[in-house]
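Here come two complexes built around chain A, the first alongside chain B, the second alongside chain C.
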Partner chain A sequence: MIYLDNSATTSPKPQQVLDASARALRASANPGRSGHRMSVEAGERIYSARKTAADLFGMEDETRVIFTPGCTFSLNTAIKGIFSKGGHAVVSNLEHNAVMRPLEALRSEGVTYTAAAVYPGDDDATLDSFRRSINVNTKAIICTHASNVWGIRLPVERICALAHAYGLYMMIDAAQSAGVLPLDMKDGYDIVCAAGHKGLYGPMGTGLMLLSEKADIPPLITGGTGSGSASLIQPQELPDRFESGTLNLPGIAGLEAGISFVSAKGKENILRHEMSLVRRAYKGLSANKKVRLYTPEPDESFFAPVLSFNIEGVDSETAAAQLARRGIAVRAGLHCCPAAHRALGTLDTGAVRISPSAFTAARDIDRVIQTVRELKF
Partner chain B sequence: MEKVYFVVSSVTYAMKGRRILASGGIKSEIGKRGRRADDKSCRYTIAVSSGNAEAAERMLRANSVRILERKDGGTT
Partner chain C sequence: MIYLDNSATTSPKPQQVLDASARALRASANPGRSGHRMSVEAGERIYSARKTAADLFGMEDETRVIFTPGCTFSLNTAIKGIFSKGGHAVVSNLEHNAVMRPLEALRSEGVTYTAAAVYPGDDDATLDSFRRSINVNTKAIICTHASNVWGIRLPVERICALAHAYGLYMMIDAAQSAGVLPLDMKDGYDIVCAAGHKGLYGPMGTGLMLLSEKADIPPLITGGTGSGSASLIQPQELPDRFESGTLNLPGIAGLEAGISFVSAKGKENILRHEMSLVRRAYKGLSANKKVRLYTPEPDESFFAPVLSFNIEGVDSETAAAQLARRGIAVRAGLHCCPAAHRALGTLDTGAVRISPSAFTAARDIDRVIQTVRELKF
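Moving on to the complex of A and B:
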């Protein structure tokens, strides 16, 4: 199987990820709960992973790295925390349902939002669009770093400066970008939410919420933290405020190994490799008259390595099923992101998405191009 | 050897403390042993030899490891 569904989850995982998770499963006690050797060692594994993640994202204080069950959990925590007392959010018109559904759920509590249009290749226009969407009730700008459908990359550094000029929180959904695109907390982001199992190559069921010193929000869930147990009040110290319940040690150990894999390869090298593959796919597919592409040829300044297309007159799920029968794994449909499909006019058809990883080879892309050419409907 | 115990709020700060002390050449041990009957609050301790206690305390405080309590005494 040629696996090009890495935006959903990267596969295969590096061997060291499998090894780290297996080691943790074989000999794990509950981290941060007991004083015996196994529990202390488990605590050390978690702390080490926290430090490794902090280093990757340019954070000096590793206690501000929060482990979560996934990016969706991180986004829910952050959004429901920021808007616990109402307010208005500015989002992009490319947001995933992990951002849009929490905001919709908060409508009944008076939370409103405005979706700012993104102009691929024109960061000035995108920035103006965000600026015009801010009103007196706006508390935060929440935006994806890169569209999970089109790969369109948002100018988050400039949007962050805009947010801070207006005294707003700047929050990034880095589900598709963590481990691939440059992302440094020193650039001033207040909250960054990331998936552990995509570009960071960790196991599913892992996620991160990275908090700046300014980010002061309540937790989504409360419970046992292994600290301050005599009190019924949730500890306010980080990371315990947000980490109730037993942590996913096998997952987090694997995530640390995944982050180490990314660091060893170099994010820049991974990005360069994946972008070259996506450009190769774009060129090959654009030579096929049956194929419809929706964006300009992906350039690293404006795109992440994700590419979606359709075959004229063919439903995207049908096309994906045909590719699957020929040994090519892609994702079709709406990708949990109707907003991005609405923005580029594919809400009715969906699209076929291909997304490479560090393990994808040029010959895999050539096979996709060839197979799409051979498909008959 | 006589030890000094620094009580911290959670395992995260115990680990952080241990790494900070190690970077300064001070050996420490992490434990979880309340030394009073009413000390049941899931707190961790960083133990150092009494000879290193002053330097250790300074290093921990300088690196934002909040020390909830210092307990002098006790031998291994």
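Moving on to the complex of A and C:
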């Protein structure tokens, strides 16, 4: 099986991720709860993972790295936290349902939002579109770092400057970009939400919420934290405020190993490798008259390594099923992201998405190009 | 190390849990998202786990088994769901902070609660106390199945009948009891929240929320579900309503193996084994003049296999540290449950808790009794 569904979850995981996760599951206790050696060691593993994550994202204060069960949880916490007293959000027109559905759910509490159009290759136009979407009630700009459907990369550094010029929170959905695109908290982002099981190569069931010194939001979940236990009020210190209940130790140990894998390879090397693969795919597929591509040739300045296409006259699910029968795993349909499909006119057909990982080889891409050429409908 | 901190998390995990979790992490894709074999197989693993959990709790409809990152998440979802439009809760005076802190957090939205006293050994008095706590605004009775500090078991079948007589939701915190005490959804409970990593022997980072046919609450987290993707409104069908984002597949695969371990051993056998151990501990410790016990000798009708004590004149943390130095892992302090400590007058000192698992042997308990006897302060 050639696995090109790494935007859903990277597979395989590096060997050290399997090892670290298995080790943590084998003989471990509840971290930070008891004073005995096993519990203390578990707490130290969590601390080490927090430090490793902080280092990858340029953070000095590791207590501002919050472990979550996934990016969707991080996004819900952040969105419901920012808008706990109402307000208006500016989002892009490429946002995932993990951003859109929480915002829609908050409508009943008076929260509103405006979706700003993104213009791939024209950052000035994109910036202008975000600027025009801000109103007096706006509290935050929330945008994806890169589209999970089209790979379109947003100029987050400039959008961040815009947000701060208006006194707004700048929040990034880094589900697709963490571990792949440059992302440094020193650049001023207030809240970054990331999946642990995609570009960071950790196990499914892990995620991060990174908070700047400025970010001050309430938690979504409260409960036992092993701290301030005599009080019925949730502790305010970090990371405890957001980490009630028992942490996913095997997952977090695996995530640390995944982040270490990324650091050892070098994010920039992984990005270069994956971009060369999607460019190779783009070139090969664009030579195929039956294939419809929706974006310009992916350039690193404007794209992340995700590429979607369709075969003329064929529903994306049908095409993906044919590829699956020939040993190629891709994802079709709407990718939980109707906004991005609406933006490029594929809401009816969906699209076939290929997304490489550090383990994908050029010959895998060549096989896809060749197989698409051979498909008959 | 003699590990007697199984109420925090069971350790070790059964070999089949390690194997199933490792297998799921080794070569897996995102469940229920794509049409290719790896994703379909991942989806089948989740379905199988759901079915296995449904069977353990006497549920016919496995779609009403919701996978969560932990019991705290389940409790928050259920509590915030039930009281999304305000109301009053009746809880016991033994509730964990995972129940109390969410209720306290909802005070600002007008939610109130009354804590009913529990009378160990006198179910009539307990029932009466719950009955007197109900008022016209009450929407639910929420109570622990068994105290995580004292092991005190609540008469949940009778409390359930009381709740239904008043038209209230009956919700159980089964963090300490799932996999240990009898718990069958056919007995009419509306919502049961359980940890996956305690008596069900799954990995940390797993939990369950079990819903009756009657239970109808909104989700706390919304986002991508791989279903109804074209809509920005969260799907209402189960389990999708409550399972946005990527599920913790390695955790859930491990949890299924843990539940199978419990089923194979027989819950009733595990309970009998563990109760014999806490009774052995109780007898041995009560023969020690320095030891203070707070409850009657634990009988299966009124207690779950958890036992807390103190050494006269010694802070619980100090005692636990001494035990840890002698190779015995217990948990001291307040166990994230000030309510239960207030109820029995140990809010200042905390208590030393021992909690066995299916893997604990009688000689482990004898070692504890002997070691406590040898401690000098």
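The working rule: the second predicted complex is superposed on the first by the 377 of 377 C-alpha atoms of A that agree within 3 Å, B and C clash if a C-alpha of one lies under 4 Å from a C-alpha of the other, contacts with A are read in each partner's own complex, and residues count from 1 in each chain.
Simple rule for what comes next: contacts are C-beta pairs under 8 Å (C-beta built on N, C-alpha and C of every residue); 3 or more make two chains touch, one makes a residue touch a chain.
Model, not experiment: these values are computed from the prediction.
The wider contact with chain A, measured as residues touched, comes from C rather than the other of chain B and chain C. Touch criterion met: A:34 reaches chain B and chain C at once.
When the two complexes are overlaid on their common chain A, residue A:247 makes contact with chain C while staying clear of chain B. Of the two partner chains placed by the overlay, only chain B lies in contact with A:44; chain C stays clear of it. By the touch criterion defined above, A:229 lies against chain B and chain C together after alignment on the C-alpha atoms of chain A. Contact with chain C, but none with chain B, is seen for A:13 once the two complexes are overlaid on the shared chain.
Of the two partner chains placed by the overlay, neither chain B nor chain C lies in contact with A:375.
By the touch criterion defined above, A:161 reaches neither chain B nor chain C.
In the superposition on chain A, chain A positions 33-35, 225-226, 229-231 are in contact with chain B in one complex as well as with chain C in the other. On the chain C side of its complex with chain A, the touching residues are 1, 3, 5, 8-9, 11-13, 17-18, 21-22, 25-30, 33-39, 69-73, 75-76, 96-102, 104-105, 195, 197, 203-206, 220-226, 229-234, 244-251, 254, 317, 320-321, 323-324, 328-338, 347. On the chain A side of its complex with chain B, the touching residues are 31-35, 40, 43-44, 46-47, 50-51, 61-63, 225-231, 235, 237, 239-240. If you check the complex, the residues on chain B that touch chain A are 9-16, 19, 30-33, 40-44, 64, 66.
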